[in-house]
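Multiple structures are listed underneath, in structure tokens.
Below are two complexes that have chain A in common, paired first with chain B and then with chain C.
What follows is the complex of A and B.
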């Protein structure tokens, strides 16, 4: 089938259509050009209002094995008031009163590989997703849940979240939920949910719903009020392409989901998707300020989404991007600000995240904690996006 | 508004419109995975905004700086396959034997700096998602790479854990096209997938043999669903959508209902997708029911079991193969001889690719040393093992590290398999250099 313009279409109609469509595409394109700090020394003068609302983090401090962590490879981080929990490849670590305490299998941890952590808002218990079972850490004691003694679909737990009394997990064999009041488990796989594939990778809660990143199956939404599932997949149905950037999910291989401020953010290894309940929008490293299409994790904090990519940490509020990159040669880095109505600015920072391969992120007040492939980093808000380099 | 002015403004506006669209739409140019132009998704209607896998992903994480461990008594390589309790046990056994033979030969030459290699076999069948748990166990065992597996679900589950653990995986038996399309920069595949087989089959069926109306009978498993996905897409895009698709369960022995459906549909050819035993049983029943159309199958028909069960009905069947076991290759003959001497049986396709996979794994460890990230770097650099000459022929990686090297058409004549290199009609294969 070929689409042809009707021969009788008037010139005026063509003109109007062309201008309208041109205008639409122009509005959707980022007006992007690159300038360095030296090229644009007065960079703070060209910032729009949205850009001003983006927090900029600096004064980075990094923690590694030298500081008491069991490993430099940090899978996840979770801030619980004055305590910071880090899941590493060699155990669970707690930073409290400036000291690191490490928990391993000898203490009752199900496996040394800790992939995800959450804190119950109901009991304050810590729920720990490991590579070989789920732990509850309560009163200084670990309880372990596995395929053998619980309703877990698989022992490799990629993600855990606490949603009220319910504990949701994304595992290598499907999603699951534990009602901590009744002790009953629910398992969701391709057998009883609209998943194209049985394996899941991440889970989040928000807006009265649970969202599951189903690796190869897009996003599965569980409506808690209607008790019904629905799924979101890449409309083009092809793994090797994204036909249109804004027609839906950018890819079915989803790695993480996060919901806040009525926005669903979906991370993939092929770009980022944002869904406001009506429209999808796709973002890629070649057409936006996203550091890389390879996104390990996303976490929304109000209107701002934080993207843990393999080549830096990006934040985005729908208008303006701020990306943090370690320059590699020393502890210094770049803060790259890229808004719709401003040119890209690069601020030099004397300190930065410990590694550009970022895997997890969490916040507390003006603090940000970033889990990376080589170390855990803590930053603090040093201003908004009109910050001067000297403050970084 | 006068007409010439309107036309000029229109042309200018349209020029800028197409300029903007082209800037957004054209990301890369050439076709992924040897896809013929006419089969490119949406190729007749719209250029994709992004085309993935045109270039390999780098791995930007840490790990290269890790020092080699000292005092190791063996150099462990993991193996994941169907070893017990699966319908694929026979394939798993061949796969394990192929890997073991390559490792024994390497150890006979001194192993790794005098330290012997040790195979760590793991059964991928067991509890739901067993492969995930097995990969974690292999990580605990300290393996340097993993070989495996055959089943697509098992392998998908395994590679995600391997990604977290950062263990290089060499796939040697799973033809699921989506396996390497997950974007995991720790996985390579050294066997052609069902995308390549589908392009070969559709080319033969529609362009050479001139079929127009085809029925599909496939296993109701993920292997059948995903394996035939590319076949159905290619058929539709070539102008010959599959007329009817019916399914069977693995282990079925009676296909009357499905074949009656096909019979009513007046198709001029039938495509079968499943394991050798079911394929043979279906053909036998087809002929008994008077269904005499030409039969095309997936590559699993290339098996002595198929010939044995189908008997005379096997003759005339056309299928594909990921390698030519009769190729005039000294390396292949040497492998076949050694394999037969060691195991007293002929190697199958899984044994041969497993042998190649293990050889590559060992070579990568010898070159990179004991560092998983550096081993990964070598396996995926598109240079070190690009055009690797294995016993199965030349391995050609595409941007997703999938083997898009030469595959073969197979015609069964006189109760024997006859192999010939597949050459795309009207299109030259980019990855075919053998």
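What follows is the complex of A and C.
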């Protein structure tokens, strides 16, 4: 028994060493061999059909305080038909008919720090997660739910989503759900759900389930039909590295979840996980086109996941990556395309996202809106060939 | 001789017996008068045992003998031809089909519990009836006069209206503060929108763009600030809430109507001055009654229907003539329908500055300009209906089981339609008429209903003592029988005392009710006023898992870490029995600087979910706040050891508390409903 244990240990040690050496080796090399850094991407031949199907955004425009936003620090963005809502560090902002309108505590906002926004597809009401309470914005008026006046678990709310008549929140004191028909609140913490601790970061709905990103507890899944929880955690339990590739979540500290097209995407500060219901797959900045392992937010839009990282915005459809980075000079940027069957290509763009620290993303038709720590960026779908030549 | 002796003995015996009887009777009568006077709050009261011990009884042979089953009609609608009137009756659970020109009730259609409103489809083939006490709308085929479909709604469906295209039915769910949007083709609720507090009236704008929903109660506002009551404006194209417009210093907005071209939305309202001492009634402006107006351009105004020395309390319904020139408002506590010249109002508003508009809201002298007639009706006129040609307005007299048919040319009642209720007026019914009439307040400014709409509470806090202290949160009048003492300070040992001399001294500022009137009023309050069924538990009548956990917390004797909770700090100690009260005073640590009292009466908890705000002064906006804000030292129950989800469980259990007498029929009803 002892010998076998040693055997296992030594195997693991060898494996760790092998991974470390491989990792160091790959870090010592350029991130990827770059096939071309073209000044004229319009002449580039599109190599991969998958890459062709990935939307490429250009024509970036940035909105900052100068344009009427209350702050350049944008925490989240949500598009509701012709309106764009931005949660900032200094209030809630609405872009309507080309004008920004700002809402603060004076208007009834629970707190100026707005961390998450969702629109009920049923009622059209806006639900706003702030650093000190939950707001419903309906018909131009705010209602406030706090841990004092309602069944809300905690006033620090990182995420809010609407799922039919239910409103789910991820808070510093557990996940919560409000049945807007009955007014009943449910709270899920480490006391009644398979969580490591009550700190939850994000929540999403899809496939008849609710997924909760629980800090240190991986992903908690609530099956709405069976009304049961289950959890997904990092099987190797390692906090520093992903010991076994694709064995499950890459890390237990999860920051965001998103579900669409039967795929669950899980963001962590240590890489990205993709789950198709049978298999997990991990992605890291050193072995894929992911801009950075430090992922703040993920949003799935059909087969494509959008990853808001501390070093750019990445999108990925399971095969091809497209990453947007601001070069920091004259607001120009790179669009980096990286497919399985092609080498990395970099398209130069004269304008890009306003900052590489991205934290929120949303879409409307051919538009993309990106929340960054230095402004809100709006891009439009353009062809790869249009990136440079497009009207910027 | 022996017989004579015997007779003498009998006579003496009888005399002695008579003397003893007289002494005993005298003593009992003296005690009875004293007891009755004490119970009536010091008002000399004939020691009539029946007053207190028989009239208020809900069941039993005597109670059945003394009382009648009334119809209690509340709302009506006219068919497109104007030939039939459809009337909902609250106490008889009926929809009456009435031929108003032949004074005939043609059909009685059994509907759900406590029907509230009726709406007729444009083709006249369907009627929609909201059943307020069973959370449904019935769809009735008017050809067969049968209920064909049932649609589930939110809690307490009341006012309704159809969209202009007739495809959507909007229903105000009073108890759950939302609006059911019902697809009448699919016959199902498609969404539920959040409304103001206690939504009541609904009207779709004639152009089909908007639906306005009026609310009865103020939104939660900062403590001791003026009420703000919402009109929820729904975009009828998207069925989303477009705007929420608040009328300041107004509430009890029971109904809303549009002019035919949609230039004005008219809303009945009450303007309470709850921030000043109630003794201000002597100055003529304690509570005013009027209408709110929202113009097409969004401008808002409030106009009084009162006059300097004549008040017209509790405006309830409003209808507008098809020519758009006149509006008719029922004043349910003044037994009057006011006729309003809308052209004068249009002109008044068109020429008014913002400052003028502000002043109009308190101007008692203005109504003489636009109120062109006060038409006297029978007791408690509620719902109004106008014939399609505008020739007749029908006023539903809730407390007489009659309908006043008003000719809009002569502005006279031309027909008194008898709906077929019991002929005699019982003591209890008389009490109902007193309750819903402002005749016993100074200048007839308000009725019992004004502060206790739907026999419940208006959600406001008043300064009744006139001292700027001891603010009192209005309490419900439902299910008061056997729950003495009354008032937050527990000083009233009976409803007689509550409604007697003290009432006139502090509240109505006019002569007290006579003993007979008081008997009637108290009998009505104690016998007739009931909580609606509580639907916060599961459809099968059982508690949810959360409520079960909450019940365990409510009844617990140990803290979460295993220590015994002192008896006085357990929920169940003060809140036990069928009313969840021990009817005793307790210091729960809620005394404020402005309170003279430390101890407060333990309130009843049935249907407590619809009694916000909470505590004696209304300082707790929600049930949660009782413990999260106002119980720092665990004096209002040992609670600070609970986690937030345990508190949620407790609150869920509290919301499920309901009157015991409903449990059996509720269960039966809920099982039936779950099978729908």
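FYI, the second predicted complex is superposed on the first by the 343 of 392 C-alpha atoms of A that agree within 3 Å, B and C clash if a C-alpha of one lies under 4 Å from a C-alpha of the other, contacts with A are read in each partner's own complex, and residues count from 1 in each chain.
One rule holds for everything that comes next: a contact is a pair of C-beta atoms (placed from the backbone, for glycine too) under 8 Å apart; a residue touches a chain by one contact, two chains touch by 3 or more.
Computed from a predicted structure; not experimentally measured.
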Which superposed partner A:180 touches (first chain B, second chain C, both, neither): second
Which superposed partner A:245 touches (first chain B, second chain C, both, neither): first
Touching partner for A:98 - first (chain B), second (chain C), both, neither: neither
Contacts of A:277 with chain B and chain C, given as first, second, both or neither: neither
Partner chain in contact with A:139 - chain B first, chain C second, else both or neither: second
Which of chain B and chain C A:373 touches, first, second, both or neither: first
Which of chain B and chain C A:147 touches, first, second, both or neither: both
Chain A residues touched by each partner, larger count belonging to chain B or chain C: B
Those residues of chain A which chain B touches in one complex and chain C touches in the other: 147, 153-154, 173-174
Complex interface listing, chain A residues touching chain B: 1-3, 11-12, 14-15, 18-19, 21-22, 25-26, 29, 72-73, 75, 111, 113, 115, 131-132, 147, 153-156, 158, 171-174, 197-199, 201, 215-216, 236, 238-245, 250-251, 253, 269-271, 282, 284, 286-287, 292, 294, 310-311, 355-357, 372-374
In the complex with chain C, residue positions of chain A that touch it: 122-125, 136, 138-141, 143, 147-151, 153-154, 165, 173-174, 180-187, 189, 191-192
Chain B residues touching chain A - in the complex, by the definition given at the top: 1, 3, 6-7, 9-10, 13-14, 16-17, 20-21, 23-24, 27, 32-33, 41-42, 44-46, 48-53, 57, 59-63, 127-129, 131-133, 136, 139, 153, 156-157, 160-161, 164-165, 177-178, 181-184
Partner chain A, residues of chain C touching it in the complex: 154, 176, 178, 191-194, 232-233, 238, 240-244, 536, 546, 621-622, 624-625, 628-629, 643-645, 647-648, 651-652, 655
